[in-house]
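Pasting the structures here.
Each of the two complexes below includes chain A, the first together with chain B, the second together with chain C.
Right after this comes the complex of A and B.
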């Protein structure tokens, strides 16, 4: 099946990113846009635009009916869900299949297998991966026992959550009961699924993930990414490959991710997220993201593949055209996300009109953005404005280029994290490489103490 | 009204006819391949032994890698190889075992459609090539009916030839190959029905160059008379010495009530890509050609004509140009009407020049003419004039050439190169100077991305890097770019 017309059921930079590949491949793009995005840059770039619904995501980007209806109306062969929104929604994948539209992503069963975090955990165990000590809890008694077993602090996670959402850290036994009640009610409200589970909290941990690609038969990995610079589990800076990692650990991570993919006969792009325990030099399976990631450009920079193209090829039913031995990872790449947020006010979103947007270009620099002077950042969706990616032959060259690029970039009209990111990239802990997930908090405290303001 | 399919020749014949076969490299092909795949072409005229040689010689790129990558980038459209079946890359004749290896590896690397071509229309050679290609796994083998104007090449000649070819199990389709663009609408009206009547349901295609502007119309006649596939080119790679422009042909066919199932948006996008590339790389655009009545007589394409004129000028004999052209017509007849495609125009022209320069015709003959007279190029369509044949072969050099050893044995050839190299590399080493293949190997994998839109800026940047520039100002309405050197 050769794809000729793809509906893009997403917005912002990822919508543009998918369009760029489609244009290169000669595939017509139809953008499904909410009322808030009808005048966006992606809407102007798409071959066609179809109105998806009102601005509120629940009635547009999160509505399976609206999205499938748009794909039908557009006469699309396939649907690209991007990331976020319905990208890992098995119901959407099924509805597409029922409508004769190819869902560019894994099978519904695979989405279910990894969407339910507890089920993903058991698949990981079955595939021979190590998971963090812990497990599911059905009542308070179980929880108390399990927490005592794995040792405090513990993390309470929502089974239906993911991407850092719906997690609570409990430091001592005294706080467990209250945190459990809160977590259950929040999980029920946020994910429609009250189930929770418990895991050991790794104090000195790094978030390292492995990109995999499968065609339903063959699975290859495309190296590691380090995404330890996070604020409340939201990634701020990502790099590939993960720096300061013992080589044998890296190899074991690659193998673990491929085993997991093979276990699922995985189809499409996926990311196996691992928690690297720096002290024990060990890693645990966290979860799998069954979609393209925000941070995919750093992997593209080191492996030379267009990952959206690979998704499309797999969706067309073509086998992978290369083997693991033909994957060559060279150089280093770092990406930083520029959000419309005011960090000095607890990262409050700062929607509005961008009056001036300048993104630096130059050797080794790539900018994925849907923002230009005059563009709007609507208040309804996440605040990502741009991703600035720098590639170099090694980490220090990539970092130097990224710092230079941020210095030459400018965003006016909305408050952005541009300056904060520039400072973060220059901070000694980041420059040294391999900081743990608590690094950003430490950095922010000292940055504030030094008298910086938004 | 007919349903007509298109074959795009931009990458092979367009590139060869207009850009000397050097205008496209791997990156430039790969960057448009996925789009070409979705246009809906029946196949692409993709490569030839000449193009494969140019990849190594001119771009230091591996032509086999190029085939594999293109196949991967456009899996749905068959890729065609065109060759004479006698030689590969070098001008030396190759052994049948060597040619079998060529075909085996072409199929393995991603070629599925093959043209079998023999300008002399030597049936035996043609069918032998087809048999080898079939054995290699070629799925579509198309035989060329090479068109020319001569005393022997009448409608019956082509109809009989077509009939015989159509009976071979190793020939799947036929095409009228008009390399010199000589087919008028009037001739098409009688030639095509004559051929069609003798080949049953076998598909017939038309490939006619725009050399004197005849093909735009003969294509429309062909569609009407049962030619189901027309071979065309895109944007700047159409017209001139190349084939008709695909967009124009589609528009004309539809105007006349025929249907063409191609994606118009992508057809335009492909043409635009080549146009942007031609501009960015200063490659010439094919332009529609004027009718030239004299050309129908001498059939010498522009390149050969220019070379001949230059050679005469260098000898101070420019005023003899008309005499040379007359002599060309005479020599061609005496040699049994070789079809005026490479290498024959060059051979006939230089013989005509020799004959004009000397008081004694055929006193001087080239080794190539001797080989031709000895039948080393195959059997001519009509016998060579007996007196001329005797004159050519009645010299010591002819005996030497007669005693030249045949093509080397495949095993013997292999032993000349270090063991362990791939068949693909062996075939390049066996047919090209070692240093060229070494340079290709040293270069490593080919660049895969090309964007004509960024080329001017990249050129500017690399020039700025190489050159001492203090100030640079670019101004156009509504735009001013000023760079000033800062002393740091």
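Right after this comes the complex of A and C.
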């Protein structure tokens, strides 16, 4: 079936991103907006807006009833969940099905299979992937034994966590017991699921992920992305393809991701996250994200596909229109996220009104943003304001364009990470390519020591 | 209708061959300003002029978040110390839903006592009493929104 009207159950830049594709495909968009977003740029650009609920996300963007209610009231034939919020929520996918609305995403079973991190781990093992040494623990005694086996430092992770939340690093046996208690109570409070598991902590690791796309039968990969520049497990810069990887490792990563997708008969867009152990030249399965990701533009830049369009096509029940052999990855792309945060005050959020927003335009430059002069950054949601993406025939051209683009961009009224990102892109470790996940901490320390302030 | 990045790119190609270094384009729906910077690169400033096409009447929007009880001192006093929100955000009196509040009216506090949390952009910020004394007023209901600099509570530093 051809989709005619899509309810976008999200906000910010991803809502606008989905709208752009819908407009090009001639699909009507209805934006479900909370009270804080009724006058946002996405709300003003959507064909129609429907009130979702109060500003607090729990009562609006995170409420399955509110979202499905809005989709029904809008007369939408499909729902795009974006990322974050309910995008990987099996209950929403089921409620859509029950209401006769197409959920643009994987099946409820697939969402359940990867949403529970322990279950995802067993699926990965069944699909022939290597997982990081570790496993589930049901009591302290188990944990002590397993941690000794795996070797310190270990990482305690929440089964219901993900997206970098619910993780704790334990350096030595003495700190395990206390960290376990804290992790269990935090997991219960944050995810409603107290279960935790242990994994080896890889010191010199890189976060490399593979984009996959499936139609329920065929699964293809669209190359790698490197997302190793992180702060507290939140990505700051992403690039495609992952630089400085031995070619055989890259090929094995592609194969692993496709195997995992095939094992699930995966339908839709998904990302298989891997941890690359630089010293051992080996990689482990971490988790799968069953949705479109913030960093999807860098993949679009190297494969030439519109990933939202691909999601819509699969949701319409169509088979993939190309094979793996027809996927050509060319050039290089880098994205940096501009957040409303004050890095000099421990990345404290900086909501408020943007008095002026100027973004670069030019060859190979793309800016995905919901911010323009006069726009509000509400204090209720995350702090992402814009993604500046540069593409080039190689990494150094992409990097040069991105640096130039940041120089020509300006955000006033709220404190942003624009200047910090510009300095980071120029730092030797990033320019060289392939930094590990601890790089950002090192960079920040030297940046601070050099006397830079907000 | 919106201009795509490709449209803007095409406009810039035209401008590059012209003597102009800025362009302002306005339709009933949007305004786009393009400027050439000193290094020859271009930047844009956009404005969406369209208003939101809201499907339901605005009257419904008025019904908003649930706001708990507010506890005030009987007499207005000027010697109390204000506890202000560190950031605009949602004011919570307890560490998590269902848990007892950090402090009740009349509770004795030290300067470093956590009296509330304010959630801003998914981050929980602790709010400290800032002065020793007793909680004399709780000015906002649980789970209500605190604008920048709003007074959340008042501490009576003279109370025993």
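List of remarks:
By definition in this document, the second predicted complex is superposed on the first by the 454 of 454 C-alpha atoms of A that agree within 3 Å, B and C clash if a C-alpha of one lies under 4 Å from a C-alpha of the other, contacts with A are read in each partner's own complex, and residues count from 1 in each chain.
By our rule, a contact is a pair of C-beta atoms (placed from the backbone, for glycine too) under 8 Å apart; a residue touches a chain by one contact, two chains touch by 3 or more.
Owing to the predicted nature of the structure, the values given are computational and were not obtained by experimental measurement.
In this superposed model built on chain A, chain B and chain C take up the same space, so to speak, and clash.
With both structures placed on the common chain, the touch criterion links A:318 to chain B but leaves chain C unconnected. Look at A:64: by the touch rule set out above, it reaches neither chain B nor chain C. Of the two partners chain B and chain C, more chain A residues are in touch with C.
In the superposition on chain A, A:360 makes contact with chain C only, while chain B stays out of contact range.
Of the two partner chains placed by superposition, only chain C is touched by A:48; chain B is not. In the superposition on chain A, no contact is made by A:249 with either chain B or chain C.
Applying the stated touch rule to the two superposed structures, the overlap between the chain B and chain C interfaces on chain A comprises residues 24.
Those residues of chain C lying in contact with chain A across their complex are 1-2, 4-5, 8-9, 12, 34-35, 37, 39, 41-48, 50-56, 60-61, 64-65, 87-90, 96, 120-123, 143, 145, 148.
Remark: chain A residues 2, 4, 24-28, 318, 321 touch chain B in the complex.
Taken together, the chain A residues at the contact with chain C in this complex read 20, 23-24, 30, 33, 35, 38-39, 41, 43-51, 54-56, 59, 73-74, 189, 340, 348-349, 351-352, 356-363, 366-367, 372-374, 379-383, 404-405, 407-410.
If you check the complex, the residues on chain B that touch chain A are 31, 34-39, 72, 75-76, 263, 265-266, 269.
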